[in-house]
Structure formats: C-alpha cells, structure tokens
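Structures for review follow.
Paired with subunit B in one complex and with subunit C in the other, subunit A is shared by the two complexes that follow.
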Partner chain A sequence: MKIVGISACSAGIAHTYIAKQKLIDAAKKAGDTINMETQGTIGTEDALTPAQIDAADVVLLAVDVKISGRERFEGKRVIEVSTDTAIKSPNKLLEKVHQVIGK
Partner chain B sequence: MDWKNFMKKQLKEPALTAISYLIPVVVAGGFLLAIGSIMGGASVANTKHVIGLWDAFSTMGGQILGLLPMVVGTGVAFAIADKPGIAPGMLVGLISIVVNAGFLGGLVGGYIAGWVTVAIIKYVKLPKIMDGMMPTLIIPLFASGIAGLIMFYIIGTPISALMTWLTHFMNGLNSHQLFFYGAIIGLLASVDYGGAINKTVFAFVLALQSQGINEPITCLILASMVTPFGYTLAFFLGKIFRKRIYTDMEVETLKTAFPMGIFEITEGSLPLVLNDLWRSVVATGAGGAVGGGFSMLWGADSHIPATGMLAIPTMTKPMAFIGALLIGTAVTGIVYFLLKKPVTAETVVKEEEDIDLGDLKID
Partner chain C sequence: MEEIRAVLDPRVIKLNLNAIDKKDAITQLAQGLKAADYIDDVAAFIKDIYVRESEGITGIGQGVAIPHGKSDDVQNVGVAIGILNHGIEWETLDDQLVNIVILFAVSNDQEASRNQLKLLSLFAGRLGSDHVIEALHEATTVEEVIETFTKEKRVS
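Coming up: the complex of A and B.
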C-alpha cells in the first residue's frame, strides 16, 4: 500500500516528529511505502509532491491542529487521527488502515 | 455534523491551532521581557527619544505580550474560517483588550469571529455579477463589524465580569485551597507533556495572568520543568543506588532533555516518557501536583508567561519557586526511580493500545 501523510501537533516541536517517525517505522514493518510531511512550528518540511499524492492509496493525517494544503487531497481517501494515536499505536493504526482500504 | 466531530473540528482544533501560533509569540515576548527586566530595563509606552537597550528589550517583550488576546483571536478565527477569518479575528481580539475581557475574551471572540465569517460565506448570496464583492468588501466588513459589535455589547461585559470575579476568587483563597488549586494546575500541566491538556491549562492560566494573577502560570512553568529535572534526578539516584533504569539511548536523550527543561521545554523528555508511559505519568503527575501546590501556597509569581529559569528574576518570591521546584523534582525523581524496573535488554517490546475504530474519521 502507498501512503502519504501529514503530522502536526499544537506545539509543533515534538509530537509532530515522533508521530512521523513512528508511522514510518510501522509502515516499513508492514511493507508499505509512506511519505510523511511535517507541519511544525518551523514550517512545512518534507512537503508531499503531487506525484506522491497521486500515487497514494490513502492519505493518513496525524494532526491536532488545522493543517495547510488539505485541498491537495481532494478525491482521495483521507483518514484522520490525533498525533497521540499515531504515537501510541502506530502498528495497530496501520492495520486498521489496511482493513479500511482493503489492501 | 455530529456532536463529536463538532467538538473536534469546531472547538478543540481551533484552540490548539491558536495556541500553536501563540507559543512563538509567548516565547519571543517572554524571553525579551525577562532579559530586559533582569538587566533593569522598564517597558516604555510611548517615546520620542532613543531609549536604553534594556528598556528596548522590556518594551519589545511587553508590547507583544500585550497583544496576546489579538493573537489568540486571530488564530481561532483562522482555524475556523481560513483566510477570511484573520481580519475579524484580529479585530475581535483587539476589542477584547479594549473592553478588559483580556485573553479569555480573545479566545471566545475568536470563535465568534470565525463562525460569523463562515455563516456570511455560507448564507449571504449576492447576484453572480457581484461575486467579486464578497471577499473584497462584504466578508471583511460584515464579519469584522458583527464580531466586534458582539464583543462590545454582548460578550465583553460578562467575560470581563467573570475575570474580575475570578480575580477576587483567586485572591481570596485560604492556604488549603491555594495548595489544592496549585496541585490541580500542576497535575494537569504535567501529565501529558506539552500535549492538549497542558495547552488547555496554559490558555486558562494565561487568561488569569492577563488579569494580574501570576501564581497559576507559575505552577505551570514549574510543572513543565519538574519532568526533565525529575528524570535527571532519577538518573543520579540510579547511579547512587546502582539500579540501572535507563538504556544508553535514554541517557543520551536525557542529556538534551535536561537543558531544554531549564527553559521550560518539556518536550525533550517525550522519548523517555513514551518508552514507559504509565510510570512516567504517575511520577510526573505526582511531582507536578506537589510542586504546583507548594508554588501556589508560597506565592511564587512569575511576571512573564514562559522561559523557565529565566522567569525567576521577575518573581517577587524567587525562593518560593526554587523551593517548590526542588520539592517537585524530588517527588518526580524518587517516584520514577522507585517505579522503574531495572533495564535488562536494550529494546523492550511493548503491547500497543487498542484503537477505537469510531475515532477514525474517514472521508
């Protein structure tokens, strides 16, 4: 499965990046490819490219705050959770995503 | 829209978004004001002359901190209504300052500004030919005007009265109550390490500080520092009593977590916390509550809303803060040290929490 995602938390210095790392690790374990964009206090990093978004089966948002560029995902299947969920249960989260998407 | 979704999208997310915009402002203003006041500078309201460097620092900090109601109003309205929310959010926050509704007024006003803007966009229909008038005239004028008038005539007075009542209430607390409320603030501020609960408490104590009550925010400053300090203490206890409680990687994390803690940034401790969540929550909650209780009881009062150790010179009772900080640190450190299992293997496989499928929102 190809995943693109965004993580963003309220302080934008820690949870954002931990969530990203946890999801990347979990995706590796599950054999998925994943690209994660972070929208922290420092601004957007690792911005998703239109090609990555196009190719993705699902958009996974681990966000607590308003994110910018949501319109990029129009027409895609978007799953949204809090950063907390992504940090505490990344593997189970991806399992659920697999179930929902059916891949 | 169902209730749960409304709570998340219309209430919680705007507040957290606003706070994410607020933090750099608080940090900039807090540190500049702290440096200015440590060096003997004073804030200047209006000047035609060149002022001293430290006065300039104090003035920069003071000015931007004075605009916090506007920043929070803008952030909330932006989160709800996107770009069209910015002008009404700014305006409502400024009027909140004028009518003495302060930070809380800015917060509540931000929601009103955002919702008014969304309502205008949704319900005001102009003839096709006048479409261009919506973003250039109708939305900015009416959304700002309506939100501002609501602040002036409807919500400004009750919020200002509420803040006055709260001020009297806080000033009238006896010593048991002081300890109790301090402990509550310390507990809530320390159990989720800079997460949503901490930020909600932050908004509340910041509102109190804008009314001149400095003790509650001092509890929060303390609680944010107790976690990294307590973990560091636990490390040294481990050395003394020969119980290895951290892995090598965790010790490395601690080396950055401690200096971050000096400046009240708890987030450096997060990797440690996540490795052992419930023991961490118990230990830091206990330390935060006890430290917060004593801080409030002894009247530690930071005049700036952040910056950790740098806030101490702005306090009229610095020793109260240092004493409470030491006690809180000792509690967190000792509790954590006692709860921790000795480390054997470098990697510990943990069982993950189950996810409630109902929490997944799928578009």
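Coming up: the complex of A and C.
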C-alpha cells in the first residue's frame, strides 16, 4: 500500500516528529511505502509532491490542529487520527488502514 | 545524525535523578536549564510548561515523558534530559510510570532560533524509534545518552 501523510501537533515541537517516525517505522514493518510531511513550528518540511499524492492509496493524517493544504487530497481516501494515536499504536493504526482501504 | 549533538548539552543531562513526582522532576531539570543559562527564571518557565501540559498528554509511553512549551523565559533553545532512579506518576499513553523525562525549552522568538529548532525536531523524531528508547533506558553515562540520539541505528 502507498501512503502519504501529514503530522502536526499543537505546539509543533515534538509530537509532530515523533508521530512521523512512528508511522514510517510501522509502514516499513507492514511492507508499505510512506511519505510523511510535517507541519510544525519550523514550518512545512518534506512537503508531499503532487505525484506522491496522486499515487497514494490513502492519505493518513496524524493531526491535532488545522493543517494547511488539505485541498490537495480532494477525491482521495483520507483517514484522520490524533498524533497520540499514531504514537501510541502505530502498528494497529496501519492494520486498521489496511482493513479500511481493503489492500 | 551526528548534528543532533549540537542540541545535546552534557550540562543538562542528568542521570540517577531522584524525583518524588512530576513537578519535582520538571523543577530539577528546569533548575539545570537555569544554571546553564537556557532560561531566566525557573518559576516563569515552569508556568509555561504547564500550559502545554494542560493541553494534552506528554507521556509518550515506554517510560518516557516530553514536557515542552514555548516560553518568553527561554534564552537559548535546548533540551534537558533526566533519567530517574524510580518511576513517577505521569499522564501517559500507556499508563506506565515514567523514568525518563525530556524537558524541551523553546523560545517564542522562532526566527532567531530556527536552526536550533530544526535540530530539536530531528531529536524529537529519534524519540519515535523504539530502538532509541530501548537504548536510552540502558544508558548509564551522559555520553551513552548522547550517542543514543546521534548514532545511526545499530545493525540488529
């Protein structure tokens, strides 16, 4: 499965980046490819490209705050959780994503 | 990951910390930040930390807590790390006691500290790797703590 995602937390200092790493590790474990954009206090990093979004089976948002550029995902399957969920049980989260997407 | 070393200051990494509770652990680490000139005033800084604490859980599981917040009281962006001798109660994602407390000091002047904040984000990302957390629990010296974050993943 191809995943693109965004992580963003309220302070934009720590949870954003922890959630990103957790999801990358979990995706690797599950044999998925993943690209994660972060929207933190230092701004947007690893911005998703249109090609990445286009090719993705699912958009996974681990966000506690309003994100910018949400319109990029129009027409895509979007699953949204909190950063806490991504940090607490990333493997379970991806299992769920697989179920929902049916891949 | 060697660049992360720039935000890891041995002066504010404390091993064998004895703290009776969350407030005590945060206070002791904040006092270290004050002594190393990261912050101006311990009480003012802690007040801002508790603003973030009120907004959500900072215990990320596996015995680790990451209190943080933005404060006008921060002069230099940095992070204090405390490895406790005994676990303490904390609001956590897995209801486990916390024995590693990582206190982020972030200023409100984000343009001036952009480079440090970038390094801090890399540091935070390392906390998302299970093997980093495991190594951190095993660290017995300040240098081992630093290497936990700066060394690439060991081949297993």
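To be clear about the criterion, the second predicted complex is superposed on the first by the 103 of 103 C-alpha atoms of A that agree within 3 Å, B and C clash if a C-alpha of one lies under 4 Å from a C-alpha of the other, contacts with A are read in each partner's own complex, and residues count from 1 in each chain.
The definition used in the following text is that a residue touches a chain if its C-beta (ideal position, glycine included) is under 8 Å from a C-beta of that chain, and two chains touch if they have at least 3 such contacts.
Note that the coordinates shown come from a computational prediction; the quantities given were computed from them, not determined experimentally.
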**Item:** Superposed partners subunit B and subunit C on subunit A - clash or fit
**Value:** clash
**Partner chain in contact with A:96 - subunit B first, subunit C second, else both or neither** = first
**Item:** Partner chain(s) touched by A:38 [first = subunit B, second = subunit C, both, neither]
**Value:** second
**Which superposed partner A:28 touches (first subunit B, second subunit C, both, neither)** = neither
**Message:** Going by the contact rule set out at the top, does A:87 touch subunit B (first), subunit C (second), both, or neither?
**Reply:** both
**Message:** In the overlaid three-chain picture, which partner chain does A:20 touch, first (subunit B) or second (subunit C), both, or neither?
**Reply:** second
**Request:** For A:77, decide between first (touching subunit B), second (touching subunit C), both and neither.
**Result:** first
**Item:** Clash-bearing segment of subunit B, relative to subunit C, as chosen among 6-14, 204-212 or 276-284
**Value:** 276-284
**Doubly contacted residues of subunit A, that is, touched by subunit B and again by subunit C** = 9-11, 13-15, 18, 41, 64, 84, 87-88
**Request:** Going by the contact rule at the top, pick out the subunit A residues touching subunit B in the complex.
**Result:** 9-15, 18, 41, 64-66, 77-82, 84-85, 87-93, 96, 100
**Asked** Inside the complex, what are the residues of subunit A that reach subunit C?
**Response** 9-11, 13-22, 24-25, 38, 40-42, 45, 64, 84, 87-88
**Item:** Parts of subunit C lying in touch with subunit A, wherever the complex brings them together
**Value:** 52, 55-57, 60-61, 66, 68-70, 93-94, 104, 106, 110, 114, 117-118, 120-122, 124-130
**Fill in**
As the complex stands, subunit B meets subunit A at residues 12-14, 16-17, 19-20, 23-24, 78-79, 194-196, 199, 265, 267-268, 270-271, 274, 277, 352-355, 357, 359-363
